[in-house]
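Once you scroll down, you'll see the structures, which are given as structure tokens.
One chain, chain A, appears in both complexes that follow, with chain B as partner in the first and chain C in the second.
Coming up: the complex of A and B.
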């Protein structure tokens, strides 16, 4: 018996200790830090809820709420574009067509490229003078639509979101595709024998049977929408310009914790407080997701 | 299951997918061609073929961005990270799958909680922790972070894969007096090899592409990984677009090759990890 316990400890401790140290403990310590004022050196000064007050109601509130709304906008746009379009493309890919394997591979290609590099590639595509997007618009007679996409507040955020969609949508397509392919054959056969048309098959069989996939992906998109940093950094910089029009909580947090000109406060405690507020929104969903993944495997 | 469609829809779908292909491929092609141009060419004929395919920009970009060192660092960090994740998580997954003990379920839920936790938001404490261990600005620090953040997905996938493998072989080995370590090393690991490949690839892409952790943890030029080196180069040489395009080409092509070689395993890894 003691031998068994010894082996269990031996096998579990390496992964569990690193995970606890670098994933779980930092969450707890962020909570602790959020009650202090601390520049990173010297003594920590306990300030109670002051950090939260200045973020929610005080000098940082404008910056914080601006970014928070952008995160929600990010989530709504992503959910709509990624889930809607991905579902449709997955249906196309689930049909009997030539070159299926090729298209399945291509769809995921942008996803294996680092987000920052994708951002830089798109800065070139969107260059106002020689970038492809504006040149194409001019070539097809839509000259009036050509504009500095990343250089003006009214289009910058949407452009950033679309670049994000361009890179990530392959993931959602493949997950939907796997869900569709996983639907038992006989359900389709029965429908076809009854003379059902394809749009009916899609609406009455595929959509309801992939509904749980929609739910799970929606949770993931929500969580990931609050984790955004790289795409904004590479397309707009840490100042999230022009005039903070692409600012998200990730960049606010970065400026607050690690500095950068123009940050309205630089302090580890203040940064930690921003993170705690993000956690409050995200962690309940992370837990639901973990429990869903746990239950799903046990039901099977 | 495949939808049955008529010829008309077949052609329509093919046209749609071809358009999609164009949307995916164009930015990469443009990057590739721009890398061979001069700044003058770029402005005068942005979409035509470059006049020559001499890799002058690439050579300069390689030197100035320190891409040789960066590739070496990325290879070392990804290699050590993947090995660490596979080693520690497969042991944990093995115990969770094969042993019955108290807190087993708790440990499993505790570890898969990290599946959807935005770990990098907790960067301040991670940074302070590495600092107190004298591991900031080291590759080892990065590797430890990657092993920890990779543990959830790896354990989840490996445990579930192992659950589907019958116990008999392991039991007979145990009956013959093999120690748990031997059973794990000689029998369980070879059996879950397909899952190890999938987990390895998914972690490879995650670690290789990660920008955020090196951005915060690494400060010296000699330890930069590829995404960090390219983004600092991008900041330093802004507006020298042909050279930036060349640097991007160099850093993007290797991972594309790996992806095309292993696309089947990649795709199975992604879909299994997320959902059913």
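Coming up: the complex of A and C.
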């Protein structure tokens, strides 16, 4: 047994070292830094829990809560659009339609484009004056619908979410597709022989049998929604405008830790405290996810 | 024999490359790359075997990258630093990450007002490189076609807007998506509408942000939005550069640094400049000018001797000539030969004769702490006002609430401290 432990240690040391270097150390250091006031240069000033107090109840509370609510909104909309639409498209792609293989490939294409490029493309498409979206709306007689999509609070965040959905939906479609294809054909045959209609097959067979996939993806969307940054950054910038209407915890952290375009100070301690709070919010669901995966493996 | 010559030449080339000493420079200004190529060439022509390795980073990430690199003992020999007073450069000085230059470099080619922007604790911490002038830039051809001339008062400017709008031309192209441009607009209008004397009183805590003059300025700006292009809340400076360069809008509130881009996009464009006109005829118009930044010697410089040679060169009029010739920015150093660009001369004259000595945007004491008047109040606040979410008075109240948390003269005025 002692020999086994030695081997286990030997083989896990490389992975463990990397994990410690790139995950445990940065997080530990962030946790340490969250108790200090530090502009990035000079000595660190120990402030205890002041950073957390400032974020939750002090001068940053309004900004933090605003961003936090946006993260929840992001999660809700994202989950609805990505899971709902991806599920329906996956059903279509699982059935025997013409060009099935072609469509299966093409739905994943946006996923391979980097988010910076996606942001660049969509900023141009959404330009109020010469963007494709408004031009098309004007061309088909819907001029009244043409608007600055990213330039007004009532549409900006939803637009950002829809761009995110456009980019990521391919992944969810493929996951659902794999789950649907994994359902034995006998079950479908039996259902159709018994006279079941398509909608009943979807509701009574496909949905229950892919429910665990829904659960898994929902948790992943929650975790990713709280880590969201790049799509907001590339579409709305570091100030997450207009009027912070697209602000999420990631952009609040970025502005706080790295500073914006103003000449005001920046504070790594405050930024680190935001990271710790994000971690505390995400970790319970991450653990549930890990437990679920573990239980599924055991069942299999 | 031929092979031997070839090998010797290869060795000579290799050793010449290896022996050339490298000076690494970090910046947030991508447009300066060509400047450093020319500087390297000129220094080599003077017998200095120096290679300049210039690296530019995203402006919003630059300071963080520089801090972390210097703190970790890596990073450049020369770093671009922001003006003083300002939290970021103060932190570099206090952290001993950059070195004072006043005993090694001759600063006689820089005016006192420029030197003030790199001075802390009676030491000079950088070689200033550019002075930026803000104001209203207009398309001269559109003005000529419509028989318009530069306005002397705010009302005359509104008349111009009416004429242009009636002819289907967007009078102003506003870039409200990038909220910092709205603060810049507020600040450049403030120096002419409020005047330096009023801003001096604000700085000293003799008036506050709820003063009627401040609210009036915000009302004027709020009323001006009817002359912006449709959908202006969704436009950024890239859109503005294209729209202005190709004549889709007649005027922009911007800085002299935009000229280089407009000319690159449309070499035929003729650009004029005027300072934001005052509210009353007879009052003076003022230009908002600020020192953009400086080159500083880092304390971890790997090649300080050559870095110092480069820095000494940047303090000469010769460097100023190169800098302005390539970037069309106004050099901070005196005595540079300016390119033959009428606009640049006009902007320089405005900067030299009508610069407001008191300001409340960059280079002012109102932006050195959080929540700052800049990105804490006016940037999001102006967006909110333009969208009708808040009134000019409510924006004034936001400024009052934010600055009264830390700006001592205001705190004193409000009786929060003695």
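Structure notes:
By our rule, the second predicted complex is superposed on the first by the 285 of 300 C-alpha atoms of A that agree within 3 Å, B and C clash if a C-alpha of one lies under 4 Å from a C-alpha of the other, contacts with A are read in each partner's own complex, and residues count from 1 in each chain.
The rule we apply is simple: a contact is a pair of C-beta atoms (placed from the backbone, for glycine too) under 8 Å apart; a residue touches a chain by one contact, two chains touch by 3 or more.
Here the structure is a predicted model, which is why all the values come from computation and not from measurement.
Contacts of A:142 after superposition on the shared chain: neither chain B nor chain C is touched.
Judged by the touch definition given at the top, the superposed model places A:244 against chain C, while chain B stays out of reach. Touching more residues of chain A than its counterpart among chain B and chain C is B. By the touch criterion stated above, A:266 is placed in contact with chain C alone, chain B being left untouched. Of the two partner chains placed around the shared chain by superposition, chain B and chain C are both touched by A:258. Of the two partner chains, chain B is the only one that A:289 touches; chain C does not reach it.
With both structures placed on the common chain, the touch criterion links A:39 to chain C but leaves chain B unconnected.
Of the two partner chains, neither chain B nor chain C is touched by A:76. In the superposed model, A:129 makes contact with both chain B and chain C. Applying the stated contact rule after C-alpha superposition, one finds that A:151 touches chain C and leaves chain B untouched.
On chain A, the surface patch touched by chain B in one complex and by chain C in the other comprises residues 127, 129, 257-258. Per the touch definition, chain A reaches chain C in the complex via residues 39-42, 59, 123, 126-129, 134, 147-153, 236-239, 241-244, 257-266. Contact residues on chain C toward chain A in their complex (touch as defined above): 59-61, 63-64, 67-68, 70-71, 82-83, 86-88, 91-92, 94-97, 176-180, 229-236, 239, 243, 248, 362-363, 367-372, 374-376, 379-380, 383-384, 387, 389, 405. Those residues of chain A lying in contact with chain B across their complex are 4-5, 7-8, 10-12, 14-16, 18-19, 21-27, 29-30, 33, 89, 91-99, 103-110, 112-117, 120-122, 124-125, 127, 129-132, 135, 166, 171, 174-175, 177-185, 187-188, 192, 198, 201-202, 212-213, 216-217, 219-220, 223-224, 226-227, 229-230, 233-234, 250, 253, 257-258, 268, 271-272, 275, 278-279, 282-283, 285-287, 289-291, 293-294, 296-297, 300. Contact residues of chain B toward chain A in the complex are 1-5, 9-10, 13-14, 16-17, 20-21, 23-28, 30-31, 34, 42-43, 46-47, 87-89, 91-92, 94-96, 99, 101, 107-126, 128-129, 144-145, 147-149, 151-152, 155-156, 160, 163, 180-181, 184, 205, 208-212, 216, 226-227, 230-231, 234, 241, 244-245, 248, 251-252, 255-256, 258-260, 263, 266-267, 270-271, 274-276.
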